[in-house]
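Have a look at the structure below before the remarks.
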Amino acid sequence: MPDPSLIQSFPPPVDAPFIIEHVAEEFTSLCPVTGHPDFGIITLRYQPAPTSKSGTCVELKSLKLYYQSFRDEGIFYEAVTNRIRDDLTNAMNPTWLQIVADFKGRGGIRSRIIAEHGPVPSRFQ
Amino acid sequence: MPDPSLIQSFPPPVDAPFIIEHVAEEFTSLCPVTGHPDFGIITLRYQPAPTSKSGTCVELKSLKLYYQSFRDEGIFYEAVTNRIRDDLTNAMNPTWLQIVADFKGRGGIRSRIIAEHGPVPSRFQ
Amino acid sequence: MPDPSLIQSFPPPVDAPFIIEHVAEEFTSLCPVTGHPDFGIITLRYQPAPTSKSGTCVELKSLKLYYQSFRDEGIFYEAVTNRIRDDLTNAMNPTWLQIVADFKGRGGIRSRIIAEHGPVPSRFQ
Amino acid sequence: MPDPSLIQSFPPPVDAPFIIEHVAEEFTSLCPVTGHPDFGIITLRYQPAPTSKSGTCVELKSLKLYYQSFRDEGIFYEAVTNRIRDDLTNAMNPTWLQIVADFKGRGGIRSRIIAEHGPVPSRFQ
Amino acid sequence: MPDPSLIQSFPPPVDAPFIIEHVAEEFTSLCPVTGHPDFGIITLRYQPAPTSKSGTCVELKSLKLYYQSFRDEGIFYEAVTNRIRDDLTNAMNPTWLQIVADFKGRGGIRSRIIAEHGPVPSRFQ
Amino acid sequence: MPDPSLIQSFPPPVDAPFIIEHVAEEFTSLCPVTGHPDFGIITLRYQPAPTSKSGTCVELKSLKLYYQSFRDEGIFYEAVTNRIRDDLTNAMNPTWLQIVADFKGRGGIRSRIIAEHGPVPSRFQ
Amino acid sequence: MPDPSLIQSFPPPVDAPFIIEHVAEEFTSLCPVTGHPDFGIITLRYQPAPTSKSGTCVELKSLKLYYQSFRDEGIFYEAVTNRIRDDLTNAMNPTWLQIVADFKGRGGIRSRIIAEHGPVPSRFQ
Amino acid sequence: MPDPSLIQSFPPPVDAPFIIEHVAEEFTSLCPVTGHPDFGIITLRYQPAPTSKSGTCVELKSLKLYYQSFRDEGIFYEAVTNRIRDDLTNAMNPTWLQIVADFKGRGGIRSRIIAEHGPVPSRFQ
Amino acid sequence: MPDPSLIQSFPPPVDAPFIIEHVAEEFTSLCPVTGHPDFGIITLRYQPAPTSKSGTCVELKSLKLYYQSFRDEGIFYEAVTNRIRDDLTNAMNPTWLQIVADFKGRGGIRSRIIAEHGPVPSRFQ
Amino acid sequence: MPDPSLIQSFPPPVDAPFIIEHVAEEFTSLCPVTGHPDFGIITLRYQPAPTSKSGTCVELKSLKLYYQSFRDEGIFYEAVTNRIRDDLTNAMNPTWLQIVADFKGRGGIRSRIIAEHGPVPSRFQ
């Protein structure tokens, strides 16, 4: 079951704005209709808020464990992507956050879902 | 015969704007002049409207069946692309929708047709 | 319905042994169980027998039409490959002939079937 | 000799703006200085004007024949590209049209020439 | 738990020797030490024995279900590969069978395990 | 018209056996049936005979001019390949010579023709 | 230990604005938690300030030595990237400077960190 | 020694704005410090000024000879790029001109230098 | 310092011959002359001897630690490769073992060293 | 002028047979007819003879300097390859040595020359 309590974070090393991207190539969940496994790549991009604004950076190993908590969950592509967006936004309070989920093909169709939080940082567009 | 009644849809899981892309690599129809088969890749990108504005998301298996309904249809590239744009727009009432159709070469020339509905969402340009 | 009578051929231009390969990237047939379309790439490789031994070369446009005759046929991967091997061997009487059929993925599994007729020519192994 | 009378066209299937791209990978002409053949890829991109504004779409086979009419012509890269831009603009009266010509290397240098007609459509930039 | 009873098979369509390859790109099991998921690609290649020698071909959907039965199994790479080799050999009685398992990296090291049954068919080496 | 008199050659710089490969990516001829241009890549591989056995190496610019002499010739793929094999063998008297001709697709089918002269050199197989 | 005193620089050859990019594919440091080595690619992009504004260009060999000084340092991805941004900005006083650090995967997740100094030059965006 | 007198040019075939790109993959000069050869790819992009404004296009063979004149020159990457920008700008008086120089790695670091003249043409950004 | 005592191993799961390949993409050592770091990819391929002949399989994490023990060692490419071949052969007593070491370029030259122990297994050549 | 006296070598670290490959991607010489520069990639593969048979390994930096000594030499492709084969064979007395020279295109034709000394080692074929 997706478990956001697994997410751990730490203060950003500087207050200046910068961008972090983590690409997890080994995501798997279950199709809620057929029970068959789905496989995808989850890309997280975010700009941490400075410490003075309660911003944090996600700890990498905890991110991996959080993603693994979807392994036995029956959940649609669209819901996975928005769920991760919400859980990570809650945990890190970032200035900007984007989730891009690329799922492998089903029936000859492959899919990408994109969800965001906050304004795209102008200098990194 | 292209059959838009095959398209099924469901309410988006969140009201926040997000983007969905489905790439169908196994599209085929017939050339209306020669009767020879055409082969292409159909990419659908859209931003669902929120439930409060009657927006929906297309169900993946029904999308596959809708595409398969072009298999015996004699239809030009330009018409295929605009037809799919119209049928999916009618079925989902999206905020934004784009169809990119990439057809394999005929006589040494390969083709791409792009049709859209609605304004490109500013945050996902 | 697969129609080997569509296959036309012509005498090889020389008696010396040589190899011919035709790669057809736009093959489609139907799954005999589900009725869903299958898509694949059919590679034909052969060494024509010399004219004195009744050998011929397949005419390219007729090969295309023969492949198109599978479009509405419900037939398994393994049967497609062996059927093509037999039909082309009958039509050309080649010294050596190989069919490699690469089918796109179903359920996350993609498949290749290889069938042959006659000994692999030693100089082209 | 380049022959624009070969270009045939047909009315666009819809009045809504859309984009068409045809990539011809087998273009050849002659170097006007050495007489040696040049080889290139010609990409045509355009937005047809609606029928009410006398816009048309280029017919694919006629486009191929028009390109073939350069086969024995001695002409520089820069002139080829602008000539095609002009001939196709005259034949179709498009809202926007772009020609990108990619020529293979001569003396270790490969070249691309880009010519346009009309404003780049804002939604497809 | 790996369940070979899921494997179904059917008689080969011809008695002539031919080769079948199925590439499953979405295999996952668990590391028996850490419990973390492993991800890999399983390639099965085999030459079915003729019906007269009790040979069969594996049915594709049943192969997928058999592979999915490893999802919650803690098992080493080397054991996975040999287990699959044994289960499929038992189910199909093939003339030749090869399993190539490509596992994604752990600690910067990616791994391939190859196991076989029977002599490599001379004409397909 | 294919003109083997254009081929020039020079003595090999050493008597020891070695291999030469020239890949010409810009070959074009005409289809003898439709008159449409064909495009291909011609790969020549050979082992020159030593000077004492009247062997020579082909001069690169003359090879280019010889290939260009097919530009206006209506000729089938199979005949092109065997014609080049014969003309170059006559001009150079090589120990071994191989022509691989890769023609771009026609009707969704691309083709490769391979012709040889002499035994494949054992040390370079 | 990261040693910015290793960085040497020289005056830019012209005052006109231009862009310099150095891609170092062989960066390694240590994980501060596990002590295991991390491997990455560090891309530096900058626009030197003119000599009149005390701008300099980094000398290539000294840049390599500076990067090597991280070899035995236990330091997080986020800190590496910001540290390099700061050290190089101090040494060169550039108009604009960007560091993109691409780290290889850990636990199936690969990461990119981007840090910048100064406004992105408008003509090179 | 770099010799701009080698550069020859001709009037553009049309007055309408268009873009020309020449990619020279075989550039070499010498390191002024070690004397070792440097190897790079020089990309020239420009928009010729119309004839009425004294604009010209660079002749391709003369461009090649001009680049070859750097073969024995000891010169830094940054200076090469700005020198070429200046010499070609002087010879052609273009509306816009950009030089991108990609040098192969030294000590595990590869470099790109970008220099420009004039405003980037709005329609080709 | 290279430390073969780090290598741990376990009995192969079956007695039947099979092949194991581990590709370590993050190997680094030092040049014994200049002290600069070298970077490479180490590929280990082996056929374990059966348990009855004292054969073992290398444990993956211990292999990683063994490779890391070269991090501060000044050692030539040729010596690295043969050293690893010897240490792993001693630790596992394999039927066949091959080390392929691919080192990144120095001075524009990249290198591969291959060392082996025992006869190449006939069925896996 | 090609200078084999630049080649330095050292005894192989072990007597057991092993293979060494050095790929030099930045080779340049001059065309003896036109004086224009040629560019290529030189791949050296060899099996050193054991010290007891006077075998040596080539030192990498000296190999680079030897290759650089061809920079101002007018020499044909075929002669370059055989010259390097002879010079390195003389300097190292190897059991087996192979030179593969890949030259970039001239007039649309790219070339590969292969020369060898000694029997191909059976275990590394």
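Order as written gives the chain letters A, B, C, D, E, F, G, H, I and J; numbering starts at 1 within each chain.
The working rule: a residue touches a chain if its C-beta (ideal position, glycine included) is under 8 Å from a C-beta of that chain, and two chains touch if they have at least 3 such contacts.
Bear in mind that the values here come from a model prediction, so they are computed numbers and not experimental data.
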Next item on the list: Would you mind naming the chains that touch chain F and likewise touch chain I?
Entry: J
Next item on the list: Would you kindly state whether over half or under half of the residue numbers at the chain G/chain I interface are used by both copies, giving same or different?
Entry: same
Margin query: Based only on mean CA positions, could you tell me how far chain D sits from chain I in angstrom?
Written below: 56
Item checked: Computed distance of Cα centres, chain F from chain C, in Å -> 27
Note to self: Taking the mean of the CA coordinates per chain, how far is chain E from chain J in Å?
What the structure shows: 44
Notebook entry, point to check: Mind pulling the chain H residues that touch 2 or more other chains?
Noted result: 25-26, 36, 39, 104-105, 107-108
Checklist line | Pairwise chain contacts under the document criterion | finding: A-B, A-C, A-E, A-G, B-C, B-D, B-F, C-E, C-F, D-F, D-H, D-J, E-G, E-I, F-J, G-H, G-I, H-I, H-J, I-J
Notebook entry, point to check: Which bits of chain E are touching chain A when the two form their complex?
Noted result: 25-26, 28, 36-37, 39, 68, 71, 104
Item checked: chain D contact footprint on chain H (complex, rising order) -> 12-14, 16, 18-26, 57, 60-61, 63-64, 123-124
Check: Which residues, counting only chain J, touch chain F once they are in their complex?
Finding: 76, 78-79, 81-82, 105-116, 119-120
Notebook entry, point to check: Can you list the chain H residues touching chain I in their complex?
Noted result: 36, 39, 104-105, 107-108
